[in-house]
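Structure incoming, see below.
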Amino acid sequence: MIKIGIVGAAGYSGLELIKLLLNHPEAEIYNLFGNNSVGNRIEEIHPSLRGMISKEILSFDEKLLADLDLLFVALPSGQAIPYVKSAYENGAKVIDLGGDFRLNDPNDYNKYYKHEHTAPDLANIAVYGLSEWNELEISKAAIVANPGCYPTSILLPLIPLLKENLMDRDFISIVSYSGTSGAGKSLSENMIFSEVNESVRAYKVGNHQHTPEIKRYLSMFGCSEPTFSFVPHLLPISRGIYTTIHAKVNDNVNEILCMEIFNKYYKHAPFVRIIYPQIPEIKNVTYTNYCDIGFSIDNGIITIISTIDNLIKGAAGQAVQNMNIMFGIDQTEGILKCSKKKYLKVQSV
Amino acid sequence: MIKIGIVGAAGYSGLELIKLLLNHPEAEIYNLFGNNSVGNRIEEIHPSLRGMISKEILSFDEKLLADLDLLFVALPSGQAIPYVKSAYENGAKVIDLGGDFRLNDPNDYNKYYKHEHTAPDLANIAVYGLSEWNELEISKAAIVANPGCYPTSILLPLIPLLKENLMDRDFISIVSYSGTSGAGKSLSENMIFSEVNESVRAYKVGNHQHTPEIKRYLSMFGCSEPTFSFVPHLLPISRGIYTTIHAKVNDNVNEILCMEIFNKYYKHAPFVRIIYPQIPEIKNVTYTNYCDIGFSIDNGIITIISTIDNLIKGAAGQAVQNMNIMFGIDQTEGILKCSKKKYLKVQSV
Amino acid sequence: MIKIGIVGAAGYSGLELIKLLLNHPEAEIYNLFGNNSVGNRIEEIHPSLRGMISKEILSFDEKLLADLDLLFVALPSGQAIPYVKSAYENGAKVIDLGGDFRLNDPNDYNKYYKHEHTAPDLANIAVYGLSEWNELEISKAAIVANPGCYPTSILLPLIPLLKENLMDRDFISIVSYSGTSGAGKSLSENMIFSEVNESVRAYKVGNHQHTPEIKRYLSMFGCSEPTFSFVPHLLPISRGIYTTIHAKVNDNVNEILCMEIFNKYYKHAPFVRIIYPQIPEIKNVTYTNYCDIGFSIDNGIITIISTIDNLIKGAAGQAVQNMNIMFGIDQTEGILKCSKKKYLKVQSV
Amino acid sequence: MIKIGIVGAAGYSGLELIKLLLNHPEAEIYNLFGNNSVGNRIEEIHPSLRGMISKEILSFDEKLLADLDLLFVALPSGQAIPYVKSAYENGAKVIDLGGDFRLNDPNDYNKYYKHEHTAPDLANIAVYGLSEWNELEISKAAIVANPGCYPTSILLPLIPLLKENLMDRDFISIVSYSGTSGAGKSLSENMIFSEVNESVRAYKVGNHQHTPEIKRYLSMFGCSEPTFSFVPHLLPISRGIYTTIHAKVNDNVNEILCMEIFNKYYKHAPFVRIIYPQIPEIKNVTYTNYCDIGFSIDNGIITIISTIDNLIKGAAGQAVQNMNIMFGIDQTEGILKCSKKKYLKVQSV
């Protein structure tokens, strides 16, 4: 059994982590840590958990790390550093679901996250947890920086096509829509129901913190840096991200070739479904760890569409997938229910 | 392994059944039967299932029943009879998720379901699958009539208090609100998004088909027949039922006594959570098999509130719970993820 | 032209007031007052108003009252008293949309609103603005206490039937569901979109501040006090209240008699529509000042259903209706668009 | 008074037309025509209208045209031709809210609307009703083809910038999201609430019927034809369109220049609000005839965002605006409520 601690269990990603781990045959939730929630029981914070788990939320204590094999940190970006540092120094593996270890240029933290980074050395050690593209590194990592929700929905469809030079790097349009749980439980007037419902708004146009993350990892995974514009929008739904990408394709690129490239990279990926010629829908992936990808070429322009559940493949699900990789377990364990021993991969050219 | 067939896999309850059974260690989905959907693969009908199951939907054939231990029938009310009959005659156990075997007075079918009942003898044999109140009968049943979603949310909180004479039988007010999936995939103008969204409406006031079901089973489970009015409403959400009940309580009845009565009957019930003095919320039970019950007494009137997921505890979840009972398996198997071998029952007086 | 000031223009009711008054041929919005919003322009606070009105929000100043014929106060309950007092002392008429002048027993403020009432003498002078039942008093009032949203939806259907002794006073069940705008813009974790969406919850069971308001005015408008239980619920929609009432009817009461009674009182009421035998739906009244009422009798129990837009008939619309009454204008002016000079009243027995 | 007939009053655009015209001082709704709804009263079809209008829906009869000054046709595309033809031949002006008179190449009807066009001569006579760009032609028109909802939200922001050569014509990305009322009341399984709610899907990728409309009118209004990709998506809200456009800007183009260009064309346009540097939100335009436009330039790429209410500026509101232009009335009459005689235009560089 993997003995697990969670910092930030009171949030939405924390809740999803707990639900996944309760269903995982090799995981044991050992300690829950918090700040404001210390002294409460987790089933009081998340009444949906009543009857499934009963545990007091503790104040973080370095000594308790000795009992743990793995610490998940599910805090708002900017708060994870001391916990990750402590775990690292005490020999526990860590998966950070926030943004504090995804970038390596400290200036980017100042610019996009609006705070200094106090442990740039650890940010350099951390391994980016995009499971499908970094499996080997993740398997050896001490610190995993779990990807952001938007980047997961963008990198998975973009990397194969850019890496294989199918698209014009000159100008790529990325338009993403996200449900509200991506903003966590933070209080602000523009997140109350009456303000969000029956509306849509773009936000952080030109300066979202996921922009440098997308840029860095496109480059790291073999795509010479393209010029792109990324615009996130807020949707009046609770869960799910929908990303629509436009780019010019190079001559002689057609849909069959795209399908071949996607198959080359994702044929054996249990959580990426290339559903061409169907069109992805958010409801087909919510409450799952899947990323569904569709595409279409018309008039020299490719439209690529992808969708994930921001709390699962975009957070807790990919984190458990990474845990499985780090501990040498089948990466679908505790995440995918399927009818055969081995998961089905149904796509074909 | 229990070999299972499903009639009506293309509907919402069918989809939930498949998801639950894929996660059940002792269940094997063997055959899927349909009418309009015959020849399609189930993962085309429900794209969310891609990668988890791949199976063609067959035309129902009595001969295939020989391979099956259990047939689930998840059809709109009025369509189940031939399938249930065929299974019964061929020795396969059956759980019908529709309304065709819940009532025993043929006139009630004419009045509430607007059709003749063609197998009243089988309706008399069928056992009502309210798991918490009929476990012994279910364990021996050949045909289980799975309860309606509204009645499940109403009978679970009402039976203990009425049975123990805490409430005035003279007049009980029952107001229920349901998400749209309760109406299935049937096409009608008043179910399109633009008509349902940002609105609420009561419907079938005074003549909903669940009224005789509630009446019959209150009586069967020990409550001499009360006079009640039941008004169902349509909510602009996908899943969940919220039931608010008002009644006068008898003298000397207080909240502590109510808690004791609920504990008497539900202390060991894994899927009923008495959450007094908290107030139930739909979101705490969606995607689970729980029924959450709260209550409050003020000025001689009790307010009882219960909530379930209409597709799980109100349909597929209770059906799998009943399957477990019929096959001698722990009733939580495949349904409840929890942190201990045995589920937790946290309520106490 | 009626010269108008508004305190609390930054809130939801304030916004609706402004929209209604911009469309009113005899109203002129003269001054907008605020606290936190002072110095901002109203079209910055409510960007939907850009192009329609451009006005700076001022700090309240008693001297400016001399310019005004009428002051609307649209603040959270507990904050209106100094403004109402100041207007009263300076000879401007006032309509308070909050709860500070609806009750006359100071203990009720302590118990339900959780604060002392500092001007009980004014609370005694204030006239309750239930337009359909208090027109004469309103026409002469210096201070109008505009009704609460729930009480409006409850009193309008209940008063006629109770006043005429059609119902058993012994026990009346009142179940109301409200959209989120009823809670204003106040920040609390349980009002953020992710918490409200796809859920329902009852709240303040047994102790909502509208309970004493309902009780007081049932009595004032001729109904000897009945015993009732009122349970409010929060709906995942922005606007609208849906109220379902159950009571036993007295012998010989039938639906035709109810219709006659409703016609007796509401035949000439421009904003009450008795839609028997249809069933009210929230979407038919949102963005209007209508209260739609339906009913049905079955088995000796009457089900009465009413619906309003909480921000219009439940707040700003009824306030403008009251303004019309106070200033001797046709009460539909600026509120009702209709095809004839006189509004249509279509119901008949 | 302008005597008005409406064909298709039972639909969503028809309902909005009626509401706007009831509030219009110079309009009189004279006849309502229908097919399936003939013999019903309009207030039975749209219960929200009860008390405001009471009129029977008639079978269309050419003879009744003599009484009319103007016929609105609000039918699904493909059904308007006989009505428009009949009105044209009988001397009544016509505004068609559907797509039957927007294109002039009959092949486009075959390709995008899937039917033959039976009156190509009339399609050539029809004037495109994009009020802000075609006022002179509209004022003289016999037949106005009211613009599609998506094209309205796309042409208004794009024309000024393309006309003035600010953007690279080589590749423009257009991503639009629409509420469900854009699909009318048509019945299909994928429009029921349970399928649309909590989800998003792109549709008609590469072959939406608004693509040739956008292309034709960009060219007609002075933009040499750009290469663009337009992807519409379905949103789980009732009303509103949100369009996000990406393009490379030419050298030396900055935000101040864009603002100047927008002001050049829209300074006096009562229904276009350039809200830079704010970001448009759907909720600021729903139930209004406004188009809100925002923009931002970053890294050589411009992001342009626009939003409208698809039923108002995208249908009935723009239709009434066109009626005003056709009959020499101030174009805001009956549509815009504002605090001064003349509407406010608040934007400035």
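All chains are identified by letter, namely A, B, C and D, in their written order; residue positions are counted from 1 within each chain.
The definition used in the following text is that a residue touches a chain if its C-beta (ideal position, glycine included) is under 8 Å from a C-beta of that chain, and two chains touch if they have at least 3 such contacts.
Since the model is a prediction, treat every value here as computed from it, not as a measurement.
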Report summary line: Among A-D, A-B or A-C, the pair whose interface repeats that of B-C, with over half of its contact pairs matching by residue number, is A-D
Query raised in the report: Which chain has its C-alpha centroid at the greatest distance from the C-alpha centroid of chain A?
Result: C
Query - A-D against C-D, pair bridged by the larger set of C-beta contacts - result: A-D
**Report entry** Where chain C and chain D are represented by their mean Cα positions, the distance between them in whole Å
**Finding:** 36
Report summary line: CA centroids of chain B and chain D: separation to the nearest Å works out as 46
Report summary line: Distance between the CA centroids of chain A and chain D (whole Å) is 39
Report summary line: Check: chain D positions touching at least 2 other chains come out as 195, 197-198, 236-238, 281, 283
Report task. Name the graph shape formed by the protein chains and their touching pairs; answer line, ring, star, complete or other. Result -> complete
Report summary line: Contacts from chain D onto chain B in the complex sit at residues 12, 179-181, 183, 185, 187-189, 191-198, 236-238
Query - Of all residues in chain C, those that touch chain D in their complex - result: 19, 22-23, 29, 43, 47-48, 50-55, 198, 270, 273, 275, 278, 281, 283-285, 287-288, 290, 292, 336-339, 343-346
Report task. Under the touch definition given earlier, write down the residues of chain D that touch chain A in their complex. Result -> 170-171, 173, 175, 177, 195, 197-203, 205-207, 227, 229, 231, 233, 235-240, 242, 244, 246, 248, 279-283, 286, 296, 298-301, 303, 305, 307
